[in-house]
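In the two complexes that follow, chain A is the common piece, with chain B as its partner first and chain C second.
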Partner chain A sequence: MDILNILSLALGEMISPTTITFVLCAMGLSVHFGYTGLLNFGQAAFAAVGAYGMAIGLITFQLPLWLAVIMGLVCSAIFALILGIPTLRLRADYLAIVTIATSEVFRYFMTTIGFAKVTGGSNGLSQFGKQFWALNPIPEADYNFGFVTYRSDQLFVLIVGWGTIILGALVLRLLMRSPWGRVLKGIREDEDAVRSLGKNVFAYKLQSLIIGGMFASIGGMIFVLNLSNVQPQTWTTNFTFTIWSVLLLGGAATILGPIAGGMIFLALISLTQGIMGAMVEMGWLPFLSQPDVAQIRFILIGLSLMLLVIFRPQGMFGNKRETQFNG
Partner chain B sequence: MSYQLRATLGRFGRLAAALAILLSIFIGPAALAADNTDPSNPNGSALLIKGTVKNEKKPVEGVEFHITGNGVDEKVKSGADGKWVLEVTNKGVYKVEINLETLPKDVGLRDPEANVRDANLTITNTAAVLFPLGKDTRVVQPIGDQILIRLFAGLNLGLLLAVAAIGISLIFGTTGLNNFAHGEMVTFGALFTWLFHAELKLPLLLAATFTIILGAAFGWAQDAALWKPLRKRRLGLNQMMIVSIGLSIVLRQVFILGFDGDTKVLSGEYESVSLGPILTTSSSLWSMLISVLALGFVAWFLTRTRIGKAARAVSDNSSLAAATGINVERIIRIVWVMAGALTALSGILYGLQFQANYLLGAQILLLLFASVTLGGLGTALGATVGAIIIGFVVELSALIIPIDLKYAASLIILIVVLLVRPQGVLGKKQRIG
Partner chain C sequence: MADPTTEVKSIAVGSAGPGCKKVDPILVADKVRRQFGGLTAVDVEHVEIPRGLITALIGPNGAGKTTFFNLLTGFDKPNEGSWSFEGKDLAGVSPYRVARMGMIRTFQLTKALSLLTVIENMRLGAQKQPGESFLTALIRPLWIKREREITETADALLKRFKLDAKREDYAASLSGGQRKLLEMARALMSSPKLVMLDEPMAGVNPALTQSLLDHIKDLKSNGTTVLFVEHDMHMVRHISDWVIVMAEGKVVAEGPPSTVMKDQAVIDAYLGAHHDTDLGAVSPKTDTTTLRATAKETD
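== the complex of A and B ==
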């Protein structure tokens, strides 16, 4: 088996555009769940709203890229308001069910033929990336970094993506150290206490939902810009729960947790899949076939969700006292 | 007739599609045909993806198909005989997409969502991928008949959902857990019935009995191996909810590994029955009768037996129930076993009407939650009422909004209910928290 190839694939996965997307979505979820204690099971929809908002802005309205990105973010904020206003007063588990239902409804709306003129229906949208790629200042060439080689466009996506993550992490750090962030943590720990201090808990939760959602939306935009297409079937509940795995692995109420969690988790999936695939190829696992190996990723996602929540709810970097699953 | 019904592939809620199929011509869907090996290709070296496009028994020429996957990215067009074929070199699963714009004007896909289908060339050398075409035949019916048909389909769906939803409701009532792995218990029932009945050729009743026993055992095992230890650890309810999500993802993949990802045909010799404008099958009627009996049994059990009363006491206030001498853990175990059996039963009925695949349960999970929430979390009667309302909403909404949005309608109802009356139709106020 080609161990070097498998390893370099896994290392490449650590910083891949997919990882960037999940890291950004998990950072958003850390605002929702880690800092505010909101059980948001619809994070995929926030990413999708951003992605579709931007793509529709670029295609239907022929906007310049920066305006389309802002349109995606505005859509995301509106989505957060629509989702949050009726549900944020509800108990945590109701919020969970409503968010997961909303994200499925959104996916149905993006898939339906009725809106296909704008959304592309189940084919999705493509060919909106021209402006983005035109921004690429890196000369056309192959860039070799020892174990991996990137084309200039790949390198461009990585630089944009990781630049966004670093910027996002700095913003998060400032936000969470501000009085505003302390109120969020207060809500997570004891909503009634915060309310008794005269804070409008509902407004703070709504702000948290909007800001966390925007992180996911930016993640979604990078995801679809990299692929140059957006398809409705990407944004399933599996997408959401991959984000949850990433967040819980890293540590929910931390800045670095989602980043490290995303890099490690996606590399781990790639590594397991690579090793299992090679073992199947060599006939060591006679009961599995190559397509089965692709399912391993989901088994890993499911198992890590279960085991992390049971045995290490604070993740790798979290503080156990800060792990709040309000009942 | 039997062939037509067997081939009614499916996503749930497709009773309407089944009716449409009975009324119009039929082209066998992909998953059925995918297993056909082609005897005309004896050397086995070439792998073929092929299909025939027909509308009302006439071949359709010039329809474009886009085949992608495993390094292939090709387009082919159907010929004058409606046939198309593409030769590929690698084994694997390919995606075939029909270009809807190349279809004749008044023709569309029977299932508008299914414009992309898989061609599975992992085992066989030939995969036939067929896209059933046709016009929406329902539009020609008078509106009164349409409503009747939809009401009937809604009642049928509602009863099926109710049998599964009661399990969620009982478990939530006694343990407080929102069990996201409940859909997989439905899948479990459908897939094992397929295994016993279609594969091992057991008579249906025997197969169903085995499945229900296994379902009960599955419920027992879940509680014994996972949920009881977690309750002992005093894991929070929201954490348990996330554990159940992880479990559902794992179970789904285990189903794929064990049963493959294709749709299983749970066939039976169905007779078609017409009740006025409603065309249905004897199996649907049986399924409705069995659902009603099962629901009646649960109602009797909860109100008339000691254990049922104890279960309601635990739902109401488990500490108080424990103080009066009820063994709460034992009641919870019984509830899990019952929920497992009932949910397996719903899986059987579901599979017999809409066929079975690994995603079946996951696809109806949110409808189950919608039913339970609508009726009032934790009340068994409420779950039944909620499920029947959801069944009607799903089917009736298809009269007004595009058919591919009918699930969305019921989820929107769920959100609206939470807005207006979070305790549900029959729930108690204290449960909102």
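== the complex of A and C ==
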């Protein structure tokens, strides 16, 4: 087997546009769950809303890119209000149910033929990337970094993506060390106590849902800009649970956790897929075929989620006892 | 101890009794009723809390004291009733607004914010921190000055409550009694006009009891009104200026501690049907002064 090839694929995956997307989504989820204690199981939908909002802005409304991005963010905020206003006054589990249901509804809604003129239906939308690629200042060439080679457009996406992550991490760091962040953490611990101290808990939860959702929306935008198309079937519950794995692996109430968690998790997925694929090829795993290998990824995601929650709920980088599912 | 009748005159209008009017009430409740299914947990016809004094709310377990606290502070909604704080109608006002008006409560089941440090718990109790709004939060110079003031107040309170050594520890690492102290200290961060303490002594180390009593007396001398629920009759007798007794959701007696504890209605409320039971049995701490002993001493 080509160990070097498998390794360089995994290394490349550590910083790939997919990883960028999951890192941004997980950063948003850390605001929701890690800092505020909100159980959002529809983070994929926030990414989708941002991606579709921007794509529709570019195609249907012919907006300049920056305005289309803002349109995606506004859609994301509206989506957060729709989810949050009816549920955030209720017990935490209501939000969990509503987010998971809404994210499925949204995905089916995007495939509905009635709106296909705008949403592209089940074919999705494509060819909205011209403005984005036109911004690329990097000269056309192949750039070799030892183990991987990038084209100019690939490099551009990586720079934009990781630049966004660094900026986002700085903003989160500022927020979570501010009195605003303190109120969120208080709500995570006991919202009635925070209420009794004169804080409008409902407003804070809504703000948290909006901010965290916007991170996912930006992640979704980068994802579809990179592919130059947006597909409804991308934003499944699998997508959401991958985000959860990334977050829990890294540590839910940390700034660096989602970043490191994303890099490690997606590299591991790529690595296991590569190694198992090679083993199947060589006939070492006679009970598996190549298509099975891709499916096994999802078993691994589920398994890793379970193990993490049981054995290390604070993640790799989390403070001891910083995050718990109960108490 | 002062002569009970002159004490009554300075607090109540006319003679003491369930629902009697006060000379200067800070909180007035009317016909507040809360039912849980068939059970009427609270059914208070009229009650007034005197300003600037320490009022004890006593009554057997299940009398409705905690539920009454929850209703007054907006954490629960009554089936009917109205109440006002400093003349402002409070019915239907959400808990955070009640708190902002200067009426801060603590909880019977302590709500320390476990995974926040002690000092962060304290800071959270402060009001008017511009950094608590989202946009200001991003610009540190806009809130850092206020944060320093808040930290100063917090440190002074922590010192008073002998929690300064725990400043940087997670609240989760405190003992039950220390959490009670932290919750009370945190409630004082905003200099409330009225503090409502639900069983502040429960679980507190007896060695700390005396200093806690002193803290509550300090509050009064600083002009803060205190309303507290307590089972410990020793504490009630020692620090309260006025005692309100609840039983089965109703206010059954009111008056200065020395007279109320001899009141037949109070003894009945505590004893219920078991007239042979010693009154001491109602106190969770069997080693503290019993109600009967209290009554004897004040005779």
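We take it that the second predicted complex is superposed on the first by the 324 of 327 C-alpha atoms of A that agree within 3 Å, B and C clash if a C-alpha of one lies under 4 Å from a C-alpha of the other, contacts with A are read in each partner's own complex, and residues count from 1 in each chain.
Please note the rule applied: a residue touches a chain if its C-beta (ideal position, glycine included) is under 8 Å from a C-beta of that chain, and two chains touch if they have at least 3 such contacts.
Computed from a predicted structure; not experimentally measured.
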| item | value |
| --- | --- |
| Partner chain(s) touched by A:Asn200 [first = chain B, second = chain C, both, neither] | second |
| Touching partner for A:Leu39 - first (chain B), second (chain C), both, neither | first |
| Chain touching more of chain A, residue-wise (chain B, chain C) | B |
| Contacts of A:Ser122 with chain B and chain C, given as first, second, both or neither | first |
| Partner chain(s) touched by A:Leu175 [first = chain B, second = chain C, both, neither] | second |
| First (chain B), second (chain C), both or neither touched by A:Asp192 | second |
| Touching partner for A:Val183 - first (chain B), second (chain C), both, neither | second |
| Contacts of A:Ile100 with chain B and chain C, given as first, second, both or neither | first |
| Touching both chain C and chain B, counted on chain A across the two superposed complexes | 327 |
| Residues of chain A defined as touching chain C within the complex | 171, 174-175, 178-183, 185-186, 188-190, 192-201, 207, 211, 321-324, 327 |
| Parts of chain C lying in touch with chain A, wherever the complex brings them together | 73, 75, 94-97, 99-100, 104-107, 111-116, 120, 123-125, 127, 129, 131-134, 136-138, 140, 143, 147, 170, 172, 183, 186-187, 189-190 |
| Interfacial residue positions of chain A with respect to chain B in the complex | 39, 41, 86-87, 90-94, 96-98, 100-102, 104-105, 108-109, 111-114, 121-123, 237-238, 241, 244, 248, 288-292, 295-296, 298-299, 301-307, 309-310, 313, 325-327 |
| Contact footprint of chain A on chain B as seen in their complex | 92-93, 97, 112-113, 115-116, 122, 178, 230, 233, 235-239, 241-243, 245-254, 256-257, 362, 366, 369-370, 373, 401-402, 404-405, 407-408, 411-412, 414-415, 418-419, 422, 432-433 |
